[in-house]
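Each of the next two complexes has chain A plus one other chain: chain B in the first, chain C in the second.
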Partner chain A sequence: MTRIGTMWRKSLDGRTAALYLLPSIILFSVFVFYPMFRTIYLSFFLTDQTGNAAIMVGFENFQYLLGSSEFQNSMKATGLFVLYTVPITIILALFFALLANEKLKGIGFFRTMYSSTMGISVAASSVIWLFMFNPSIGMFNRLLGVMNLPQIQWLLDPEWALLSVSISTIWMNIGFSFLILLGGLQNIDEHLYESSRIDGAGYFYRLRRITLPMLSPTLFFIITISLINAFQTFGQIDILTKGGPSQSTNLIVYSIYREAFINYQFGTASAQAVILFLIILVVTILQFKLGERKVHYQ
Partner chain B sequence: MKMGLPQKIWIYFLLIVTSAFVFFPVLYAFMISFMTGPEIIQGKFFPESISFENYSKVFSRLPLLSYLLNSFIVSVSVMLGQLVVCSLAAYAFVFFKFKGRDFIFFLFISTMMIPWEATMIPNVFTIRKLDWFNTYQGLTLPFFALAFGTFLLRQHFLTIPKELHEASQIAGLSRFRFFWRVVLPVSKTSLVTLGAYGFLTTWNMYLWPLLITTNKSVRTVQIGLKQLQSQEIATEWGVVMAGVIVVIIPTLLLLFIGQKQLQKGLSQGALK
Partner chain C sequence: MKRVELIDVSKSYDKQVDVISNINVTIEPGEFFVLVGPSGCGKSTMLRMIAGLEEITGGILKIGEKVANNLTPDKRDLSMVFQNYALYPHLSVQQNITFGLDVKRLKKEEQRRKAEEVAEMLGLTEYLERKPRELSGGQRQRVALARAIVSETPICLMDEPLSNLDAKLRAHMRSEIRRIQRSLGITMIYVTHDQVEAMTMGDRIMILHEGKIQQIGKPIDIYNYPANPFVATFIGSPPMNLANGEFHPSTSELVINNELRVLVPIDEIGKLPRTSMTVGVRPENLHPTTPETKSENVFHVEVTNVEILGNETVFSFKLGEEEWMAKWSGQWHIDIGDRLPVQMEFESLSIFDEQSGELIKKTIDYGNYVTKQEVSP
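After this line comes the complex of A and B, so read on.
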């Protein structure tokens, strides 16, 4: 009895801690872990209209997807989209952050301008860009007209649509990347620069030898986040192109959405969701493996 | 950092040109929101007169006021919910020693690797089973627990001296009172960062409200914009842009006020 008593008292900490952790654990279980396992489960089934598993088909959903030109096309579009958006967003945001890190009068104003796109929702940004891409009254074709260049059917031409969506996405993501990179720059110890200045090192030498290495953890973080975000793109596709024209912008999340909630094919939609999960898992693991080697921590 | 005048002029030049580029689309939308149809077709940049006609039109065509209110309720609920749920969890991770702490911590980390979009299909079924379609709890509750928020707060809690905790125990302060009276007040900056982040991301959420609102009762402004754009296309861009401006003002203001705080807080949470 007394032994049980002491154990009971000893585990008091654990029980109280459980109380504090309970809300998170319940919510994660219901809305993250259970649905993740359920998605994997459903990906091996054909489902009825309400999403109940009906016929077990093993890996057939995956086989079907890998053989379907529609899905291959969606994967290709997603890959290209990541390639178009992530590097340019980060390079531009880094350039802006370096400029905005100078101690000059009125620099706060410029910082606000650069970070502004973070405060603008994907839906609102997409509507603004939809107007700018408008073939007859949009700004881009007007500019081309002024320069006597041929007009472009930005969002309606399969050759241009993905590029157009990418341009608008780069703009949408700049604010957040800028804010994170500026924060990283401001964490770098000023003394590092002072000693290099005595040596008479130039700006680009300092950039290459001090700033970038010291910034590498932040860069690493923002590259990972940007990659993951790019794979999760949905809103701008829904408003700008609806996956068209001829599926040239049918990115993976949009494809899952359509398969599940428009075509009611929950089995193949879940299989796509599993593939999305695996891609992000691989990206995260790769990033960490590479990051361990390349990143310089203070 | 000392620099020469030519260098200064060069940097100011780059700052002005590039920030103008970044801000241009917003400014353009703002200008369009005051224009009449013919002005837009002529391709002007400045409206001839400042008239709020487009704004009164957009409020009469859409229940924009109730959408704004819905967005506000949803964003504030998620913000408060996240603050409560994340700070409780972070407190347990920092100030309690218990079996399986590392394992639970690992579980929290693993949720960051599961993209929300990969779980949305069963989540929609769950909401349907709970009969939570078109309800505030359906829009908000799934987002209360947040691994990122827990880490952000945990980082801050770790900086609180252990002696303070020991002293509080000797003084007979209960666990909860220490949390409420000491830990939360000294972590104000991290709480503000997380709060601003939660509000901003919820206000801008698109896919989830699209999936689980089927009528206008709890619909948020982002879905309102989609509606507006599909109704008004090619006809009245001025009205559409007025809607856009109304929707972005709250978050832009929040960002302008909290920019410094957000930048500091987010990059700290990201790194340590």
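After this line comes the complex of A and C, so read on.
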């Protein structure tokens, strides 16, 4: 009896901690853990129209996917999309952040402008880009026309569609990356720059030996977030191209959506989701293993 | 070993109020010059103007014989130690020390040799591979110092370099910095708010208040002959006691705070203003009475607070509205509420003009001299 009593008293801290964790555990369970395990479960089944597991097929869903040219194409498109958007977004955002970090009169205006794309929803900005990409009334083709250049079928040409979507995605994502990087830049102690100025270091020397190393934790964070976001792109595809033309912009999350809610193949859709999860997991682990060595935490 | 000259230097933000005005001073080659003042007096701004980190909005700054107003910081031939040390957290101690040499594209071999030399001098040799975050406050301070020394510039600026250290380490680093400055013969301009640092380190010190020079001089001269009541209370611990004084020609007495009467010697009468004045006396010049004490120099006070600091005793008492303090050497067993006789001579008073604050009458020289040299047989 007394032993149970002391146990109960000893675990007071633990019980308090559990109580504090409870709200997030409940929320995570409902919105993250349950769907995740349900997805893994479903990926081993064929399902009926309402999404209930019908026949257990083991790894057949995965086998089918890995052999399917459609899925391979979707993977390739996703890979290209990540490659097009992530580096360019971060380099541009870094460039703008460096510009906006200078102490000039009215710099607040530019900071607001550069980060403003963060305030527009993916749906709204996609609609704007849809108009701009329009072959006959869109701004881009008008501009090309003025300069006497051949017209481009931005979203209708399989060669151009992925690039067009990438361009609009870069524009949408720059605001967030810019804001995070600017925050990182402003966190760097001003005295470091003053000290280096007394030593006579020029702008690019300072950039290379102070700014970039000091910014590396922020850069690491934004690269990780951007990679994950790029792998999970959905909204702009749905509005701009619906995965077309001829599957050229059928990114993996869009493909999952189509498989599940248009073809009602919840089993294979779940299998795709599991594969995407594994890819993101591996990429993130790799990034931590390789990238973190170059990151200088204070 | 270069001269630094400021001629009528001033600084204003947005062309409005001057935060610093009319600074005229010449800092001699190899001198240890201390800028001291309460926080917000403009001393750091002045240092940053010399460094080239702040624009000079008026006057001329000369470094060596050259006008330096528009030179970039690196062309001014100086090094600077910052209050927070400004060490690069991502670089090792050695890389931190050689940062400036690397900027100047010195050979790697040469960089390493110099870094090791300086590290040896400051006892940092075993820490060269560490990152700043793995060092203690004192060691970081040394790295900052090493960075300034390794650049071999003739002028070194320091902005409150010791304020982040604990008291014991601070006392040690005071003498260390002084020793290094002497042995290298650098011209040092040192900013501090700590009057002890100013008194112990400076060849000369400049006292700044609200952007204006209060006094420039040797520490001991400033202590003995403060130019105005501000300096009198800023330098010295406990500060100089101040009170309002009035001269009564009929009795040739100086009445301090309507309470204390001091007889003025005949030959001093002519020097005093006819109206009221500010009278100051250092706490150590309020002595205990001895059998030889003349009774007209004695007054009685009621003790309001006592502090015994080992071999000296500081007590406070009320004199009219003002609280005064007295410092007696030795241990005195005094209780709060005691009435004590205190001796004060007219000679020990500093008298300031009430309006301008200008010093009218100096105290006499209390300095001691070693008269007999002991020769060992």
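Just so it is clear, the second predicted complex is superposed on the first by the 298 of 298 C-alpha atoms of A that agree within 3 Å, B and C clash if a C-alpha of one lies under 4 Å from a C-alpha of the other, contacts with A are read in each partner's own complex, and residues count from 1 in each chain.
Please note the rule applied: a residue touches a chain if its C-beta (ideal position, glycine included) is under 8 Å from a C-beta of that chain, and two chains touch if they have at least 3 such contacts.
The structure presented is a predicted model; accordingly, all values stated were derived computationally and were not measured.
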Thinking of the overlay built on chain A, is A:122 touched by chain B (first), by chain C (second), by both, or by neither? first
Where does A:36 make contact in the superposed view: on chain B (first), on chain C (second), on both, or on neither? first
Please work out whether A:147 is in contact with chain B alone, chain C alone, both, or neither, and reply first, second, both or neither. neither
For A:262, decide between first (touching chain B), second (touching chain C), both and neither. neither
Who does A:213 touch here: chain B (first), chain C (second), both, or neither? second
Classify the contacts of A:189 with the two partner chains as first (chain B alone), second (chain C alone), both, or neither. second
Going by the touch definition up top, name the partner, chain B or chain C, that contacts more of chain A. B
Going by the contact definition given at the top, which residues of chain A touch chain B in one complex and chain C in the other? none
Name, in rising order, each residue of chain C that touches chain A in their complex. 51-53, 72-75, 78-80, 82, 84, 86, 88-91, 99-100, 103-104, 133, 147, 151
Going by the contact rule set out above, which residues of chain B touch chain A in the complex? 1, 3, 8, 11-12, 14-15, 18-20, 22-23, 25-26, 28-29, 32, 40-41, 43, 84-86, 88-89, 91-92, 96-101, 104, 107-108, 111, 113-126, 141-142, 144-145, 150, 175, 200, 203-204, 206-207, 210-211, 222-223, 225-226, 228-229, 237, 240-241, 243-244, 247-248, 251-252, 254-256, 259, 262-264, 266-268, 270-271
Residue ranges of chain A touching chain B (in the complex, touch as defined): 11, 13-14, 16-18, 20-21, 23-25, 27-28, 30-36, 38-39, 42, 50-51, 95-96, 99-100, 102-104, 107, 110-125, 127-132, 137, 139, 142, 171, 174-175, 179-180, 182-184, 186-187, 193, 217-218, 221, 228, 231-232, 234-235, 238-239, 253, 256-257, 260-261, 266, 269-270, 273-274, 276-277, 280-281, 284
Across the complex, what residues on chain A touch chain C? 189, 191-192, 194-201, 205, 209-210, 213-214, 216, 296, 298
